[in-house]
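Chain lettering (A, B, C, D and E) follows the sequence in which the chains are written, and residue indices restart at 1 in each chain.
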């Protein structure tokens, strides 16, 4: 029995007790698999699972509060679910988690860069390559060259919190140390302060304030009442200046400090390619360093900024 | 239309530089993998190979427009208010502008704007002052993308409507056709860069356009789309299903060449202030939020219904049957959830005979 | 901690002359206990008395130069047996933290002072790094049965802010090392009394009175020997013994050793290796008792 | 000491009402002279200091921000400074990634009785900000500031109202 | 809004270093400011009247006062505007004295700074809203922590005023330090005779519930409504049965127990009643030395106890008390003189502390009132008193004066002469501090009538020589070194906070000063209040104090508690947090962090969880406001918008200036 069949079977059994199950369906081409609500048994026929299932379905849970929901998760998505459980946004009793072992998802932007493809009619995966048929032309590329960056350094391919685990767990692609080594972070770290300041100024200048980053984030659950477009409190004006745009990213990053599971949806969602995940990765490293804490692992833990220790081992008082 | 001219690719920067002497020039440039419209910078490469992520809307309808600034004056002796000084932004004339490298669909977007901001009922000076001063040099598409559907809504990969000049990519350069006098003027300002296009080039150009048209997928008949959407109006389950992937961000509307909604806010310290007009997006919960706290469009399903209906039903109804979607496909291609407006239309059409429960 | 401890070694002027026995015993003991001492090349006077009383910047410049010499040999830390030198080296390093003072001192130096070398007393190295346990483990001829009074003098632990080692009023580091050698160390109230060294020239009678009191208290404590850690103390208590006895009408004949000499004896070194022959008050009675046991 | 080395820089202090604000008062009562650059905003507790206030200040034109509260264990509300310590430490470590020198922000603990310490904190922090110089500016905002010129030099009516609002 | 700005000269305190007229002139340009003036003393009657008048005349609805610290006069000006009909929260202060004129020397810089501070205040005021009080009931009961003379006095005064009192004492008897004293200065009357009746009153008062041998576990709640959890330690004696007959102490075989009450002069038994007049007079077993509790053998006390009060299985228990106010009266401890190595480091047996000497002088003490050298039991003929051991000595981390040592040294030297007529006392002192009534005369009597020799100078060394102690010091009046051959040396050890003071401060949410003493709200004007409403201070826990001062402060603290609890209901500070349910998404981060459990989870109209603040419990710290990512929780008067307005008022000006 293939994994997908097994998954469908599990959902089929659970569906009568649920309002809906969050999954993915085939999109306008074979490289896209948009999120999908499975309400009826017959909806299951559209369900797909594979490396094109990039969206983190946990982002939807906030909308669905009060409903009994099933959710299909990859390893990284499960961390977001754990975080939402911690923060009591979702109730474990009204959630059924179908965990899928994950070998990585595609970065469509990388595919576009690697292959001159417009409409991917068919996609096949075998032996570490991806074969894409567009029009009457079939081309292939090594999977590792078109997987999302986060997957290349993934340390949590298997969900830690689930009700149904489909198939066998997969081995993490890399060790924890390798997972920590991140060329994008190293590049930013390699800059001096002036360069970094300029880096952000340039990138933020491009921002549209479309809030795709915020709304794709599974943990930015205040989206409708976000500070960024509130008049009371009035943190930000509607002006599209670098100051306001950058300030929003600072708000975003600080609010996620100690909570971000680094699913990368914010950066993936950005239409103009602003590397906003860098700030969150950095803060995650800071949080790890200061509090030895990683978000989305333990559903009973308290995120470090909502608690304290009287004696902080890793915070040294700095004298001027 | 003036006779076809030809310009070699490497001379494009010179043309841009010539135009930039007296005008503000917006051109497509690449930043971090994304092609966006930015003011022309001779130090940066202008790229054409794909449709830009952002539309050229910013050039005529800037995301932030200061309508005016004001200052509450005081009597220096008493501290009491002694009137308000107002600086009207229209008093500072905008420079002439050129938008270079937009595609036919994007250029046509302003026709929708014109219908709204420059019509018998209303003539919005903030819009028209910029619109009048802006020229569009459009690039015909040689290869429609997977998300393109301009032909569904009355467009074509080489549609010159709204453009002042139209470029067609051919071997080694571009065929250039001025569509308007303004376009002609822009060509004439750097006339030495252009050669008359010979027959062969003209044929090649025609072939490129034909090929592009030939690549378009079959188009549905959208004649009945209004009634079809009307049938689905109360069918919230339909809209729920259609928006399962929507995250309610503003991206589709901000990238859209025809979305013209705006918000007006004052920023003031109590004495000095500015009135800003900024883009707004109907996909945002706040868009329809009323002061009472009531929201007539509380869910993303309601909001998506509005966006689609507006473009394909309300707007045509209001403006002589013209659909206010240009079919550029940006909202599909860049959507974080890959929400496909075409699928919504097709599904609605499919179910046009089915009444909502 | 690795077994190997390495220090730049700054002997100080006294240790090339009147206190050469302190230098000899220090080198032997340190070597035996695994402390590598590398003499600072081309070292000069530390700028202690009288320079520090006349010109603070010059005095600091001399110390700074010696610290820089140590730094150029790649050492991060330096040790000296002489408390007076140590006080001046450490004081200079502290004062040089002030930018304006550093500017004045740098004008006196060929190269600007960079810093980064910490100076410690030999006593501190032996106590805090080698440790009494290691000393005890290497003792061959324990000083069992000998009552030895440790006399630290006034500079070894003072000023507290400068030295940052041991108690300023009741230091115990030397006590512990001597006990490690098997000696009996009685309570002694005069551990940090002044011997009068700074008055050695202008007011000899004061020196004799102060040093005499110390030796008298040592006698009352039942001392067989006195251990010291300062070349000037040693000189006053030992070399001036005749003057003391004459002035006080006493017949005090308790020998005064450098503590390193006593440790050296316990470690089994021959007395002449430790310069014991240079002592004025005859130490024979003590030496005999060590050999006997 | 009018200010450190000439022109004043733009420094904001967020001070806990219960301790450091009192410490600054105590410094005043003790006439401990300090540089005059700092502008103090009184807070109920460092637990109320949102790191975003600091960021807002830094992107809006401040050259330095100082937060000072009660020593650990001394919080008037028991726990405010413990939360603040975590948040502010995280903030401090975020700044360099934004290209902002981390020394532009400092948080410390000064009690109501530590007037002399407050003097030292202010003096050193001000000196440090002067060493760093003014902050790189972001784009000049549409800012209400820019249109203050409308109101004449002092923002007063230079002549009777041109477009009276009354 | 119509704002008035009032710039105070504070005589020349501000005006000498700030151009007040210019500040007022600049303020007139600020948004919504329609009136600005400067006055010599804003807080004076005419100053306040000018504010009141301006409010009426200029129809002001908010006022900025630029003057001293709000910690000084915020309350004053709130009352002022209230008298003029405004809500009392429509005042902001700009601190241009402590934060400007007193610390900066350059008038121009100061004036610029003052203008900015007024700008901040006005910007915040524009967003201030009138706040109204809610009231809540109070518990008419006072918790007094510490049963020394200050605590006893506070408890008696409260109880006499009709309040219920819980008096908690850590030791098995009340009385504190005063009970250890033989005589008191300057009257030289018997300490226990003075204190005893008060102790009895406290024990017998119907409104006082005495909890001896108990400690504070924790205190929660807020003014008027505290809940204290009190730990009754295991005494192994049922106090309800024990009659204090003392039979058990006679039979106890474990006689080498450290005698706490007698400061280690002599030893005592494992089961023990500290002194004959102890209140409550109950025996307590020291578990560290009791043979039954350590080795499981013995049990002699249980056998002889006529009432069967001994219970070896007793465990500590926690008692909860709801109280409206707390008086901390935890007293003091004494400096450990072993830190003075030059005085023998605690190893010389005949160098003792003054309190040990006091026990030796006491007729009911371990020596029966006979002064004996600890080393050999001989009567000393030469006694040297050394003052300021652990006082006025920054090198030992004790920079402060311990207040009453000078006086008890005089007393003890007098008593020495009384006990040993052929003795000679010496006192090494820095200064003789005798400022209260009859004190100076008393120290002179010690010198003139009792022949005590006072030597002005510090002792540099004490060492034994030939059965004597050589006390070497300087006589700074003669400019010479002196040595005294003493039989006994008494060190006047300094006063320090009790070891548990820091912990208790945490529990009571009050602060301590740099020396660890509890911090008063204002050193001059609020000396018995703390910064935590409803917590008051009495006695030496606030700083070294002698008996009359401790008694006075005990009464003062009681007075504060009485006036607080005299009201049926208290007004709640309206500067509390509120949740905007429209913005709340129900993540409950605020609930998680609130130190006062003042936020609860409720259900909103949409059926989803929402947070809600319980106003009476909210103390206004604002921690919740920061964790709320959507800004739904806002602290009144410190809302995001108010703080942002302050930040922006500054930044805009700065940016505008730099554009010039």
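The rule is short, and it goes like this: contacts are C-beta pairs under 8 Å (C-beta built on N, C-alpha and C of every residue); 3 or more make two chains touch, one makes a residue touch a chain.
From a predicted model like this one, the values you see are computed outputs, not experimental measurements.
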Steps needed, at fewest, to go from chain A to chain E via touching chains: 1
Any chain in contact with chain C as well as chain D: E
Chain occupying the middle, per Cα centroid: D
Taking each chain's C-alpha mean as its centre, the one farthest from chain B: C
Pair joined by more contacting C-beta pairs (C-E or A-B): A-B
Chain of greatest Cα-centre distance to chain D: C
Rounded Å distance, chain A centre to chain C centre (Cα mean): 67
Euclidean distance of C-alpha centroids - chain A vs chain B, Å: 30
Computed distance of Cα centres, chain D from chain A, in Å: 36
Interchain centroid distance [CA atoms averaged], chain B/chain E, Å: 71
Residue list for chain B, restricted to those that touch at least two other chains: 64, 72, 74, 76, 267, 269, 271, 276
Junction residues of chain E, two or more chains touched: 29, 582, 593, 627, 640, 644, 648, 652
Chain E to chain A touching residues, read off their complex: 582-583, 585-589, 592-593, 607-609, 627, 629-632, 634, 639-641, 644
Residues on chain C engaged by chain E in the complex (per definition of touch): 160, 167-170, 187, 189-190, 193, 217, 220
Residue ranges of chain E in contact with chain B within the complex: 1, 28-36, 123, 126, 582, 648-649, 652
Touching residues (chain side chain D, partner chain A) in the complex: 51-52, 55-56, 59-60, 72-73, 79, 82-83, 85-87, 89-91, 93-94, 96-101, 106, 108-109, 120-121, 124-125, 128, 136, 138-139, 141-142
Residues of chain E that touch chain D when the two form their complex: 29, 69-72, 95, 97-100, 102-106, 108-110, 112-113, 116-117, 120, 502, 505-506, 509, 511-514, 519, 531-532, 575, 593, 595-596, 619-623, 625-627, 635, 638, 640, 643-644, 646-648, 650-656, 658-659
